[in-house]
Amino acid sequence: MIRVGVVGGTGYTGLELIKLLLRHPEVSISLLTSRDESMPDVGQVHPELTRRLETRFSILDVTRVEDQIDFAFCCLPHAASAEVIRTLVDTGIRIIDFSADYRLNDVETFEQLYLVKHPDPERVGKVSYGIPEFFRDQIKDAQLVANPGCFPSSALLPLAPLLAENLILSNPIIVDAKTGVSGAGRKANLKFHFPECNESVMAYSVGKHRHRPEIEQILQRFTGHESKIFFTPHLISMNRGILSTIYLRPEKGVSVDTIRSHLLSFYQHEPFIRIVDRPPATKDVSHTNFCDIHVAEDRGMIVILSALDNLIKGASGAAVQNFNVMYQFPEATALI
Amino acid sequence: MIRVGVVGGTGYTGLELIKLLLRHPEVSISLLTSRDESMPDVGQVHPELTRRLETRFSILDVTRVEDQIDFAFCCLPHAASAEVIRTLVDTGIRIIDFSADYRLNDVETFEQLYLVKHPDPERVGKVSYGIPEFFRDQIKDAQLVANPGCFPSSALLPLAPLLAENLILSNPIIVDAKTGVSGAGRKANLKFHFPECNESVMAYSVGKHRHRPEIEQILQRFTGHESKIFFTPHLISMNRGILSTIYLRPEKGVSVDTIRSHLLSFYQHEPFIRIVDRPPATKDVSHTNFCDIHVAEDRGMIVILSALDNLIKGASGAAVQNFNVMYQFPEATALI
Amino acid sequence: MIRVGVVGGTGYTGLELIKLLLRHPEVSISLLTSRDESMPDVGQVHPELTRRLETRFSILDVTRVEDQIDFAFCCLPHAASAEVIRTLVDTGIRIIDFSADYRLNDVETFEQLYLVKHPDPERVGKVSYGIPEFFRDQIKDAQLVANPGCFPSSALLPLAPLLAENLILSNPIIVDAKTGVSGAGRKANLKFHFPECNESVMAYSVGKHRHRPEIEQILQRFTGHESKIFFTPHLISMNRGILSTIYLRPEKGVSVDTIRSHLLSFYQHEPFIRIVDRPPATKDVSHTNFCDIHVAEDRGMIVILSALDNLIKGASGAAVQNFNVMYQFPEATALI
Amino acid sequence: MIRVGVVGGTGYTGLELIKLLLRHPEVSISLLTSRDESMPDVGQVHPELTRRLETRFSILDVTRVEDQIDFAFCCLPHAASAEVIRTLVDTGIRIIDFSADYRLNDVETFEQLYLVKHPDPERVGKVSYGIPEFFRDQIKDAQLVANPGCFPSSALLPLAPLLAENLILSNPIIVDAKTGVSGAGRKANLKFHFPECNESVMAYSVGKHRHRPEIEQILQRFTGHESKIFFTPHLISMNRGILSTIYLRPEKGVSVDTIRSHLLSFYQHEPFIRIVDRPPATKDVSHTNFCDIHVAEDRGMIVILSALDNLIKGASGAAVQNFNVMYQFPEATALI
């Protein structure tokens, strides 16, 4: 049994992670931490987990972590996460970080986007990015893995294999994404107040969302060359799910069939990527670790639809998949 | 033209009120106040109202009110409202108060329920309760009208005429109410965070909601005798609408047909009360000033269903109806 | 490995059942049937199951069933189900029936409620009712189990233990239930068209719902005496979940604490019943096999809140739990 | 008083139209027709309209229409509409047609898209297209007006003025649209069954939606030159509202400010078009006749957001606005 800790487990990704880990036959949840001192019982924070878990929330004590756990899932906000991880790393335990702290290629981009000094700048750019479909070999041996952003997962899974093979133009690529509100986290905010979101749809952070540089940098890391993403996220009145509608042009002479075939063959052995023959609905992947991808064509324009659950394949499911890779468990363990 | 002011117009009832008043041919909105100093333009607070209204939000200045308006709709929270109104009253302008401050029969009940000292205790119990279907004559001549609570409206409209005629038992009366989330107001709170409310239903304040004593007291005011209400509100994943499902027993020898007939005859000339022959859906009354009431029977138990829009007939529509009564405008003005 | 068949697996309960069975280590899904001849591939019927299951839909051939499966989950509509089961039973395979065909105590009530001649009247009243919390011993050895209705489960779980101990009055018991729309099945119908249900709530079948007699009969079966249920279901704008708000009186001298304690002790060893100390939200049990029960009191009236997922504890999860009982697998297998 | 008829008034656009007309001081609704012979009372079809309207549904009798009405709003499906209108036109009454029958420039395109022989081919291409912001002068004197499609309105309002001035490239223009489910009409269909749409988002008719040629043809009619639209509609879990996210490139040397300024000046006297300085939410225009347009820029790509209510500015509100133009009533009559 691997003793795992969930550091900062009071949010939605923490909840989904705990639920997945409860199904994992090789895991015991030995530590649950919260920065709020007043909330000891799991059922008070997550009523869904009442009586399912004896571990109580406690405050993280880095000096004791080594004795408590073998592995840490770190679900803290950006900067707070790296602050903890730079210390945790020295204990030798292995870690998956849910924050953006170690996803980017360079500190400068991070600091411009997140408007905060990076607490652990030396490690930035050297950490494995947790998409096993692209970086399985690195993840396997990594001590620290940066779990990807939800929008980036949804865009990278269809785009990276096509760009790596030069099947599509790298500029412009338009990613029009629609997300459920759980993507905004579990913190009261008038913007996400029920009557403000329900029965409505809106775009936000047009041209300025932090996930756009993440998509571009990981594409570059995987393919070796630059691309230009125009990314517009939209908030829609549902809890969970991301649908990315991607508009791009094929390279000269490349047909839509070639593009579809390449994705089919690239993903043929992957347990969680399905190239589907109809536009996917987010409900088809809701509460699962699947990413469903469909390729259509409109008079020379390629339109790719990519659907995943932002809390599972876009966060906690991807983390468990990475964990399985790191321990060489069957990759779908706890994820069916 | 009557110059009206909306005092405290940044919430949902304020928004709905302004939209109704914009349709009122005898009204000009001359004053809009907010306690937040930073929000001058209406469109910033209520994007829906962009370019529809030139009046800007300002801080209420009681010393100038007389020169600015003839009438005030006061949409402040409880206690804050009476604090302002006790001064406004002296200026001679007429007022409809949306808060609970002047709805109850006595100060003690108010202070127990709202846990605050009443700022204007002398007036409590002497103010007209704004259900024109019951108190039209008093409202007509009143300077100050207490606009009713949304749940109370939904329960009182079917119950009061039946109790007044001794057609039903006054104890127990069970009111199982379901409300949309806008009833909770427009203030960020984790309880009303989109993913906490969406795809879920829950009861709250079981046996302890402040609207229960309001229902009981107004029933007593209208019928002259006591009754006992068991009231359970539920929060459901929609923006607006209240459905009250009411369980009660007829007095000995009274049939369901008698009950139905009495409601039909009591409300036959009322423009906004419809006794309908199917269980109403809240969508049938959404965005309208109607209250739809249906009477069913189940082996001797009477089951009454009462549906209204909590922001219209449950708040701002009722206020405009009261305003029309106070000025003897046709009662449906601006409400169709 | 037990070879199971899902007979009539194209609806929502079929989908949820298949998803649960895919997690069951002792089960292989060997047969999937549909009455529609044109739908061979699972992914076409349930896009969510694309590539997760090789079995294709086929037409049920009763003469071959014995060679194909050891166990049948029968998800057909009422009457159609008994039509098949009366033949299946002779093959000796064990069966859980999702329909209402074998739930009631007598044929007359069935035929009055469902307006159809019962195809297998001899067996009615002799089949185990699939609530393991009440009838585990019978279920263990049964060849055929009648899986309970979703509303009945939600009402019976809190009521039966209290009535059996004479802690509460058996008349009147008011059950005001709220259900998500998936309870209506997966068949196009204007009543369940998205814009007709969204942003609305309504009662239906007031005093006439088929699940009321089911609740009363099973209460009698479990407690030995009659009770009278006043049952009003409401359709609310969410996919899944049932909340039953139950109003009843304690027997003379019985306190709310006694009631709560009895439920706590009755359910103390049950894996899926949680007596919770706050009113449960349906999201707390959504996608789980839990039923959360809360007991409150309002001036002598007991108010019980009971929440479950209509598709899991109210249907497919209960079926898998019954299956586990029948094979003496740990009862939570595939249900965490 | 103008006696108007609503031909085919049982759907959602019919309902919204009737509600608007009830507010119109110059209109009496003298005729309501349905092709279903069994539905005489308005309240049975539209519970929302119970007791608000005495006119009952009847079967259209073209020989009597002249005596019954001065004006017809025709809300029939495509082809059925032209079938009726070609006869109605001869009576001399004026007509607004909600269907697609007279929107396109040529019969061939119509017949390819709608897979039906056009019943009135001679008139196609000669009928005014009902966007008063573009074609007010033609509409004023027209006997027959083709009310625009909901998606086309949302795309044409921002695009046409920019293309007419050659401020943007005419190819490629990507229109990624999100619509509420009421856009699919009021007819039971598994695709629009509540649990299929709720908590989900999906694209449909990718590259093949009938509104794409309508957008292209009207752009050509207004600007005189061709453009190429890549149009992807998405179905989201809300009742009403369309948000179009439009990606395009400026002509060489044209800045985002020029584009924004041109829209501001083009629409400065229009009562229902608001150029807003934040991305609009569909709730900002819900239940109104406004179209809110926002212009953003992302590294040389122009991103335009256009929001309207598909049933009001996208259908019935536009029709009333056109009606007001045809009779030279103030254009906002009944629309505030």
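By letter and in written order, the chains are A, B, C and D; residue numbering begins at 1 in each of them.
Note that contacts are C-beta pairs under 8 Å (C-beta built on N, C-alpha and C of every residue); 3 or more make two chains touch, one makes a residue touch a chain.
Owing to the predicted nature of the structure, the values given are computational and were not obtained by experimental measurement.
Peer 1: Taking mean CA positions as centres, which chain lies farthest from subunit B?
Peer 2: When every chain centre is compared against subunit B, the largest gap points to A.
Peer 1: Applying the document's contact definition, name the chain pair with more C-beta pairs in contact, A-B or A-D.
Peer 2: Output for the comparison: A-D.
Peer 1: Using the average of all C-alpha atoms in each chain as its centre, how far is it in Å between subunit A and subunit C?
Peer 2: 36
Peer 1: Compute the distance, rounded to whole Å, between the mean C-alpha positions of subunit A and subunit D.
Peer 2: About 40 Å, centre to centre.
Peer 1: Measuring from the mean C-alpha position of subunit A to the mean C-alpha position of subunit B, what distance in angstrom results?
Peer 2: Inter-chain centre distance comes to 46 Å.
Peer 1: Provide the list of subunit A residues touching at least two other chains, using ranges where the numbers run on.
Peer 2: 180, 196, 198-199, 237-240, 280-281, 283, 286
Peer 1: What part of subunit B is in contact with subunit D in the complex they form?
Peer 2: These residues of subunit B touch subunit D: 22-23, 43, 47-48, 50-52, 198-199, 274, 276, 278, 280-281, 283-288, 292, 336.
Peer 1: Flag every residue of subunit D that touches subunit C in the complex, lowest number first.
Peer 2: Those in contact with subunit C are residues 12, 180-182, 186-190, 192-199, 237-240.
Peer 1: In the complex, go through subunit D and note every residue touching subunit A.
Peer 2: 172, 174, 176, 178, 180, 196, 198-204, 206-208, 228, 230-232, 234, 236-241, 243, 245, 247, 279-283, 286, 296-299, 301, 303, 305, 307
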